[in-house]
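Please find the structures below.
In the two complexes below, chain A is the common chain; its partner is chain B in one and chain C in the other.
And then the complex of A and B:
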């Protein structure tokens, strides 16, 4: 009986050891991020890392995106960067923040520059990578990116005290169409 | 041949041997495996933690590198003229691009061979006819407007409107110039310093912040819904009664007021030439005919609650010195309430021009107003405007104006994003004269 008990102990130990060893081959299984299907479809408003602004209300954001504000609290001139027309991210910004159509938005800025109230027209770039680099490079820049396009070179600001990963965040963008 | 089974003694011996083998040989092996796997298992979280720490440190290094590059870029931008700095060796391609872009920006700004100008053009051509005696139906070239801006630096901006314009001038009823010759006017020339949203300073020739229309549309008919400006805001050299342009300095900005969106404009300038009759440029571009300066203060609200609404008022004060007349104090009070959205606009403005000659008890008040409403239906925008101005027959500064009032109706058709076709009918009742019926077909465009 003792021998059998010893054998059982050995076998159980071996099984546990092998199981432990096998589980050890997936070392980062627990550290993998949980799937964030919802927040990945959010559109983050991003600023340069040096920008002290952490949160903006939607009316403030609208003023900034329509050129009604030209300076950040730190004195830097605001430079708006937009992705080129036809992209869903731009449509979300025009619809949700600016509440304008494309033509109206263009006319608004043309008129604003004409009257002198708007200091600079928005910069238009073709890709999210371009926007990210622009915001990274220009201290007063503000732009927007899908959450999946974010990286540590830019900082997402909160809108009405909600970050892009929070529930109730207002800017959602349709998923990219697979090409 | 006989098969014989193992004897019990041999069996016991064999078990004993196997048991000893297990105990003394296999057990240490299995124990070793157990111990080693346990040790390995214990080491794996530590390794994972190290890896995470390493990742964090690498990220931090990247951030710090980026920050260093930003500071260097900012330093380069603020430096007046700097020699090209030695390229910083970094492992990050992003940082290298930062450097490249910053260098390019600085180089372009300092390169005399490249221009910082941005130009936009506006123009219009009109077919116009009316029932006034001696007037003929004619095609007219409108103002050709070259609108030029330049971002001189982060804080300074240049802006100008250079206008090529045909036809004679009409200054307080005095006509000068030839019918079909062209002239060039610098209608706006402004150097703007923008310190913050609360303080912007502009110097040069600008549109006086009286009311709304004057600073909203300037010299572009394409921006305007109608074919022309309301009579109240007509240009000085087209018979207008207001000092539409001022040469001087203008401060403007936001007043902290939360959701009210209160703004201010404070201006000081030469005012308008006041010697009557005027045969020269009414805007005193170079020389003021007196030391007294004109002042204007405007306040307006743009509340968040009603998008597109602007409500404001302004007060303008000048001292005119017409020839053969005592000095005349000129005060202009204006108020406006406008709602401008992409598909709908409703403009309402009223003002009173008050002329008070020194030593004479009489004060001449000239009230005026207009209201204009339009709504967009697809590419079509029908509109209606009613305007009124009533100057005394004995008004010392603009005796030719009198009473003018009447409606205008029209239709604007946006043929493209940059071309608008307008058809407008005007009926203007005049004091002591037959009413004027006018029809205009205009194409306005930007290029």
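And then the complex of A and C:
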């Protein structure tokens, strides 16, 4: 009996210990931080320095990138500039902003131009440098660049009141391969 | 003799020509040095003028190059970049490839950056108001064109070719034309400045040529004047020499004729039996002896001078006691001095060292000085001979000085330069009809120099003259004489 009583004590202690441990770690497990993303890996939406627009909501941005809006508030014609297919930046824009695959995006513009619903088709450039120069030269241009590719010749706008350096910014691009 | 006096008087009062001749006569011993100095100075002056003018011309040319050639080069580059800006914009119109269009846009912007730099540089270097005004206008017009160019480029990149062309036709062409006119205006200003600078260079060159001609003319005139002066000086020297030689011949002839006349008349009287008695005959003989001695001395002087000039004299130098030399001289001239009623004051320092010399020659030298003192003492009947040791002015040692001093008529300051020239006789001496050959001092000086010494003179008109014979001491005795003190030995001999 004494042996059984001792065994019962050990079991009860172990149960309480486990319960205590579980009760002590539970709040910490609930407040684990989200994975940290360096701001250099964010994708900035850029416009010409003369463009007065500072902020766009994601739906407005989607409309612009799908050719549904033709002019800026200052009257300048909107010119969409995109990097060539196959680049991670383009994939992020198609996925996060346009919410389409490459084929759907192309079909959208083919259809839109044919029916007249889309007035401006996007310009396609080979490199981020080309995009930056294009946006610099064209007052109504809008494009996108990695934060690491930004320079003072263009200006990044905020999306849903969040800039590329802010927490909660939604456009992330995978790092470039070392090749 | 009277003619010479007249000429002498004429020479002192005949105006600039005579004055020039006198100056030339004074300068004649220094002809070569003067000519060299003059040529040297003239060459330096000409060289300085030429260097200065060449430098000025060079500076003007450099200014012209910097201001015009480089300016035109800058304008040319500016025009090229302006065209390049527009050309690159047009090239972007020729393709639909956005990447290529961006390259053309880059080219256009690079060209416009260079244009802006060129305009800024032009404005920095602009000096006159027109340049500043046109520079600012160009800056303004270029900014206007760039505004249109940017719109055109944007339209091209957007793909609106038609709009780009319309924009260019509407705004680009007129604004670019204004830029082109501004550049033409700048070029016109450069042309005007270049013309002005060219005129300056031409004026400087003309001025340089005139100056060179002037300087060369002056040089030629100076050279001609120098040659003329030298020739005239030589001619005057030759004339003077000829006159002196004629005077010498006349003087010698006169001396010879006087003595010969005395000898001849004495001989005639003796031959005619007019001389009676032993005493009278003795007196005649003595007179003939004196005259013969005078003739002999005269001939000896001439022969000595001739041998000195031909360099035939061979002196035997040996150590001599100074007192011995002076005593020999006084012995030789005793009769002359006594006959003329002179008193000679002889002072010889005690313990004088020996001098190296030829006794006969040194005696002749001092004898000439004493004879001159007798001739030119006038009413004074005093001659001083003084021998002493003194520091040499030419060497760093001591020397023996023997002075022969008189209280006679003295020598004019201008004539002092010539009294040692052979045959020279001063105007005052000639006027006073004092006979002589003009060889005595020349011979004395030659002898002094042959003994390694010199002969100097100090004289003042109507006060007297002092001739000093400077002789080197025999080297062995120099150290002994360092301690010699000046203790005069005033032994007076009459």
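Note that the second predicted complex is superposed on the first by the 142 of 179 C-alpha atoms of A that agree within 3 Å, B and C clash if a C-alpha of one lies under 4 Å from a C-alpha of the other, contacts with A are read in each partner's own complex, and residues count from 1 in each chain.
The rule is short, and it goes like this: a residue touches a chain if its C-beta (ideal position, glycine included) is under 8 Å from a C-beta of that chain, and two chains touch if they have at least 3 such contacts.
Since this is a predicted model, take the numbers as computed values, not measurements.
A.B. asks: For A:124, using the defined touch cut-off, is the partner it touches chain B, chain C, both, or neither? Pick first, second, both or neither.
C.D. replies: second
A.B. asks: Which partner chains sit in contact with A:139 here, chain B, chain C, both or neither? Use first/second/both/neither.
C.D. replies: Once the two structures are laid over each other on A, A:139 reaches both partners.
A.B. asks: After superposing on the shared chain, does chain C or chain B touch more chain A residues?
C.D. replies: B
A.B. asks: Given the touch rule stated above, what does A:75 touch, chain B (first), chain C (second), both, or neither?
C.D. replies: first
A.B. asks: For A:111 in the superposed arrangement: first (chain B), second (chain C), both or neither?
C.D. replies: After superposing on A, A:111 lies in contact with chain B but is clear of chain C.
A.B. asks: Does any part of chain A touch chain B in one structure and chain C in the other, and if so which residues?
C.D. replies: Common interface on chain A, chain B vs chain C: 77, 133, 137, 139.
A.B. asks: What part of chain C is in contact with chain A in the complex they form?
C.D. replies: Within the complex, chain C touches chain A at residues 98-99, 102, 105-106, 150, 153-154, 157-159.
A.B. asks: Write out the stretch or stretches of chain B touching chain A in their complex.
C.D. replies: Within the complex, chain B contacts chain A at residues 19, 22-23, 26-27, 30-31, 33-34, 37-38, 40-41, 44, 47-48, 52, 59, 62-63, 66-67, 70, 73-74, 94, 97-98, 101-102, 120, 147, 149, 151, 154-155, 157, 159, 190, 192, 194-197, 202, 206, 215-216, 218, 220, 223, 259, 302, 304, 307, 342, 417, 446.
A.B. asks: Considering the complex alone, what residue numbers of chain A touch chain B?
C.D. replies: On the chain A side, the touching residues are 3, 6-7, 10, 13-14, 16-18, 20-21, 23-24, 27-28, 31, 48-50, 59, 68-71, 75-77, 99-101, 103-104, 106-108, 110-111, 113-116, 119-120, 133, 136-137, 139, 152-153.
A.B. asks: Show which residues of chain A lie in contact with chain C when the two form their complex.
C.D. replies: Touching chain C: residues 77, 79, 81, 123-126, 130, 133-134, 137-141 of chain A.
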